[in-house]
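Same chain, two partners: chain A is paired with chain B first, then with chain C.
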Partner chain A sequence: MRKSFRAGAVAMLAAAAMLTAGCSGTSGTDAGSANDPNQKVELTYWAWAPNLDKVVEVWNEKNPNIHVTVNKQDGGDPAVTKLLTAVKAGSGAPDLIQAEYQKIPTLVAADALADLSGTEANETKSHFPEGVWDSVTLGGDALYAVPQDTGPMVFYYRADIFEKLGLSVPTTWDEYAQAAKAVHAADPEAYLGTFSSNDAGWFTGMAQQAGASWWGVDGDAWSVNIDEDPTNKVAEYWGGLVEEGTIDNKPMYTPEWNTALNTGKQVGWLSAAWGPGVLSGNAGATAGLWKVAPMPQWDASKPSTGNWGGSSTAVTTQSKNAEAAAKFATWLNTDPEAVQALVKETGVYPADNAGAKSALTAAPEFFSHQPDFYEVVADAAQNVGSFTYGPNVNVAFNAYNDQFAKAAQAKQKSAFSDAVKSMQQVTVEDLKQTGFTVK
Partner chain B sequence: MAMTVTKPGPAADTAAGPSRRAKNFKSRVLIPYAMLAPGIILFLVFMAAPIVYTLVLSFQKKKVSGLGLGKGSQSQVFAGFENYVSALTDPEFLGSVLRVLLYGLILIPLMLGFALLFALLLDSRRTRAGSFSRTAIFLPYAVPAVISSLLWGFLYLPGVSPFHFLARQFGVALPSLLDPNLVTFAICNIALWGGVGFNMIVMYTSLKAVPSEIYEAAKLDGCSEIQTALRIKIPIIAPSLVMTALFSMIATLQVFAEPTTLRPLANSLSTSWSPLMLVYRDAFTRNDVYSAAATSIVIAAATFIISFLFLRVVQKRAFGQEN
Partner chain C sequence: MTTLAPSRTSNTKSARTPKGAVSAHDKPSYLSTGILILGALYCLFPVIWVVAAASKDGNELFSTFTLAPSTHLWDNIVALTEYRDGLFWRWMANTALYAGVGAIVSTWVSALSGYVLAKFDFPGKSGIFKVLLMGVLVPGVILAIPQYLMLAQAGLTNTYWSVLLPQIISPYGIYLARIYAAASVPGDVIEAARTEGAKEMYIFNRIAAPMMLPGLVTIFLFQFVAIWNNFMLPYIMLGDDHLFPITVGLNGLLNQGASAPALYTLVLAGALLSIIPLVIMFLLLQRYWRVDLAAGAVKA
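Up next is the complex of A and B:
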């Protein structure tokens, strides 16, 4: 008894000593100069993409002097909340963080992201689609992150059910509405899709397709352009379908929705390039039955699509090795080998144009019966319009959740238009209240 | 154990003479406070300090200059009572309070009624399988509210619910409990399921503390079981009824986990359904910790006032015989 206690105490002391050694080791490198190329640098990276650490391992093997440690996060929202807290506290932030595009203005407003325009990351502009580059520069001269992946929106549908009903794939929104009618008429429990009040990013992507850009910068003032033609057109279109009852009004990502995907009661899904992961996870039994197509269009002669999701790699203002961190972020998102590993390990759709083309050759396993899967997605990625996010995306998205939940429940077209007006009003009021100049 | 029991009495009083002041100081001040210190420190660090910080935050606000991007463009300034005024005049806050009042009016009588009924049944002489029933009724209380809300949420969703499935087999269409006009009952049901057991145990325990002579006397007088329950048991355990009612009222005002967990499943719950959801939304979704602090202070003050008034009204009746 006594002996084992002593052994335990020794082990604990040893562990404590190792811990302290570890701490002092880190602080030692932090204090070192970033300009000395032979100086060993330790970087921490907060990210939530699955298996990202495997991609980082490739870097660590090749760059013994800049060692990156991935610190796995729960997701985009919690990571941002943690970072904002660390910035307020003055310490505790990592060197690098995975930041969703819509979070960048909020993070920049809180002075959490370093300007990378003076680093080699600034040379990567030609790698990315213009719309994506805009969302990491906020339309200005500064550069706040290096784009990592995007979510160009596409249309997934159950090819077997379409065939059975003799439907052709809708290429315009009018055809989509007709197909929705046909699907629901054939089986009153089945829908071509659902209008989800839970997913603000999904609606944003569709508004973007119609030509919306909800925020804008005009000198020293912000403008909010939610309650305008493109968004109203989209809201009225969906309000009409929900009012008719040909489109479901229940949120996505519920057990009910999962069941409907599995049982063929949800016959289509307007989603993004990352859709196969969700479908294989939530509706694994339907493997081989889905196909991908471009989004239905408002104007078939001018194809366009929106973006749902996607993230970037940003350097925080607390990083003492911003130069090294920018070097890593550039490599991770533009080096052919890194992009290849990103696709293979994390399953994202890379933002890097050339990388996407060379890395995405074989269709994802869930769509192995459709060899041209990535051709469809790559075509869509070319047509993503540009969209400016503002400093209070969180407020606008929250207003979307509450207002469109009411509208979807009411099943009235007019309620959908009112919801857009409320979103505009709530977003503008919040900006004014905090002291922003709003045009 | 027996050695530590000292007999209180006049002897202890006479020992406390002025000649032993130093020793008295040690035993009367130092030792008790030293023993209380852990509690006091924990209270100060984890209760008082956060409350004071919340108060401080509630009088501040964020101020932005220009586009609000980059260093030094945002600062924290004194806001006076601005946050309080906007909290109290916010129609969303008022709406959340009204919803929670309705919720409490439905929930509390049902919950306490069932708890009392079960406690009396378990306490009656003819009960069989008492300890099994007691555990079975108490068990849901041990399930965290988030888990139970998820479970019930699955049972409510018409697409996956076994109840709806069974009803469909018989050609009946059940209304969805997640519809806007029924969702309050859906939340009440979860709280009821989880809360009856706890309240029952409190009442049952105080029933067990009633001296059995009273029952024997009542029995000799020809009192039936129901009469014993109504005329003896319920009046005697009135203090525990008051306490459970007070706890239930406070829990009602603070309802959060159930509606938050159910919200993503349907369109009928807003992110400001209950006052605490509103606070959470302001603090973490809208990044406005200042108005969230003000609303929390308002809720805390209201809880305090309601508890105080409630105790004032019922105390005389419930605890009258004890004084």
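Up next is the complex of A and C:
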């Protein structure tokens, strides 16, 4: 596995045909400036996690010589688009950027991220789960980012409504389907969940749970494995529920969805460890009514889950102080005090193993009635399967939005299967057109 | 529905009376008044919606009746002011700077260029004017990325300049200014001033520009609103949220990423506050705008 990953990274670099030169240049010039301890360094950091600037303040107080300024961004996609534009333009990029895991291959292919394997960030491997570390190294010797947070998927449900209907918490997807039927039968306007054609990351997490890994590396070629059993199984399952009408077909994160969360018409939410922040923000009045449970399983004897969201801290190739930036990124994501502040201020689920354990002792306020909240989440985090992202995740995700929006609208099981096929086709075509070898 | 009812009666009435008599004198037509009221409601509805929604707290927003106002407007404004130490007001100030300074400079540049194109003869004049007309047809959005690449080479991205500079040249403004200059500045006056020995810039600043004033107010308002509402250019140019105008800033509050709730209540309060300066501006300058549109219609 490891070896093929490395070969893949090499293949990608060869195709991009830029990275080695760019990186060695960066680290070479930096060594000099960072060695002078009295020199003041100014770093800019593009990030979108709310309140991250408060965590950075802690660093700035302790490190007067390396001052970090957070430039708040509008979320993962805009930040990456801007960074790619700045890299093309040759100037304007920040020193550090908050990069979602699925964006890293794209950014590496565009020569946007500095290799941190020569810095102290390389010593942090033992802090993180292996799957997470793979996604910042792409399985090779280079290191493109320091992991910050992850989003192991779990199932949130309205305990009060479950109790009223006499339902038990579904542990398998069959039980989930039955519970969905019961909820919808009791109140025709209520649904146990919705199939969201707007959130490709959500569907990716579900496919990951079923055992999918959408990209792969074989020798010096990429493979795209979307149209395969695990993803088809997931798509057909949801297509069936939507066709029956027992699951809603409207996207999440819309005002309509928020209303349904408030009024108890959305009885459950398949989401990730960071869910409490969204629930308390969008449906604060329902505090005390929700509970968390592990994801329903395909095979109850082999529990697994997917990952939705999560990001890392990367240093850009335009940074003139890569060493100082790496030092900050290391502190931010592995120092106990920093991780504690991350949890407290930004509400993320930290990637750092030890930090997560010590920082996440009490359940979040929205779930204060469920003291074992983080035990459930930590168990789930153990079962996240591995997943390889490719250099054109944006294309695959756009294809997801286009195709599944149509399928969800059509409410036909067959349309869901077709959507997976077109995702596969669009993604492969794009890889070929960009000049990658595709197997 | 209720507005439709009287319009029907007016129809039957006008059918009985001789044609022309109804519209010429008598009462105003119910039909056209009804249509205008419908149009006004259509335009005002979003404003009413914003006012009602901005007064709700996070829980009411998605659970109470859409147009039912609540009592939390002041709380929302306070929360918005507290968001990251008053960043919202900095966005307001930035927008005022971009729109105010940008519109003034842009108006002056447009006036000067339009005046020269209207009153001077020089080789390549018609060529320049044709390029300008083509520029009017190209939407500014398309130019944002090329402008980014150019300013990146000058190292000016992520600064106030990156948003101000590209908006100073407005082909449409120059085009309007040329029409106003041709219509409102008589060639004889310029000739007379030259005979008296006035320098060209003096003639423009002291004689031509005041004559073009009503037209310039139109250009100013036009540019002001365009810059105030511009989203794409600052969105691409700026990385530091302390430089954001209100449009980009509010958009950021809505897009916090999947793992954080969108700050709907803050955005609504912000949207309400951000239209107030525009409303004031229009109430103050409305007279010029109207006078000028009429003047231009006759003279040009």
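A few points about this structure:
Everything below uses one rule, namely that the second predicted complex is superposed on the first by the 407 of 439 C-alpha atoms of A that agree within 3 Å, B and C clash if a C-alpha of one lies under 4 Å from a C-alpha of the other, contacts with A are read in each partner's own complex, and residues count from 1 in each chain.
Everything that follows uses one rule, which is that contacts are C-beta pairs under 8 Å (C-beta built on N, C-alpha and C of every residue); 3 or more make two chains touch, one makes a residue touch a chain.
Nothing here was measured: the structure is a model prediction, and the numbers come from that model.
After superposition onto chain A, the partners chain B and chain C occupy overlapping space and clash. Legend: residue contacts after superposition of the two complexes on their common chain; A:T44 is shown touching chain C, with no touch to chain B.
By the document's definition of touching, of the two partners only chain B reaches A:Q409; chain C does not. In the superposition on chain A, A:K344 contacts neither chain B nor chain C. By the touch criterion defined above, A:D430 lies against chain B but remains apart from chain C after alignment on the C-alpha atoms of chain A. In the superposition on chain A, A:G281 makes contact with chain C only, not with chain B. By the document's definition of touching, of the two partners only chain C reaches A:D74; chain B does not. In the superposition on chain A, A:T259 makes contact with both chain B and chain C.
Judged by the touch definition given at the top, the superposed model places A:K62 against neither chain B nor chain C.
Shared-chain residue A:T106: touches chain B; no touch with chain C. Of the candidate stretches 45-53, 81-89, 99-107 or 117-125 in chain C, only 117-125 runs into chain B once the two complexes are overlaid on chain A. Shared contact residues of chain A with chain B and chain C: 253, 255, 259. For chain C in complex with chain A, the touching residues are 58-59, 61-63, 84, 145, 148-149, 152-153, 155, 157-158, 235-236, 239-241, 248, 251-252, 255-264.
Every residue of chain A that touches chain B in the complex is listed here, in rising order: 81, 84, 105-106, 108-111, 138, 142, 197-198, 217, 220-222, 249-251, 253-257, 259-260, 265, 317, 391-392, 394-395, 398, 401-402, 405-406, 408-409, 430, 434-437. Of all residues in chain B, those touching chain A in their complex are 61-74, 153-154, 157-160, 180, 264-272, 281, 284-287.
For chain A in complex with chain C, the touching residues are 44, 46, 48-50, 53, 69, 71-76, 78, 82, 85-86, 88-92, 94, 151, 199, 201-202, 253, 255, 258-259, 261-263, 272, 274, 277-278, 280-285, 308-309, 347-348.
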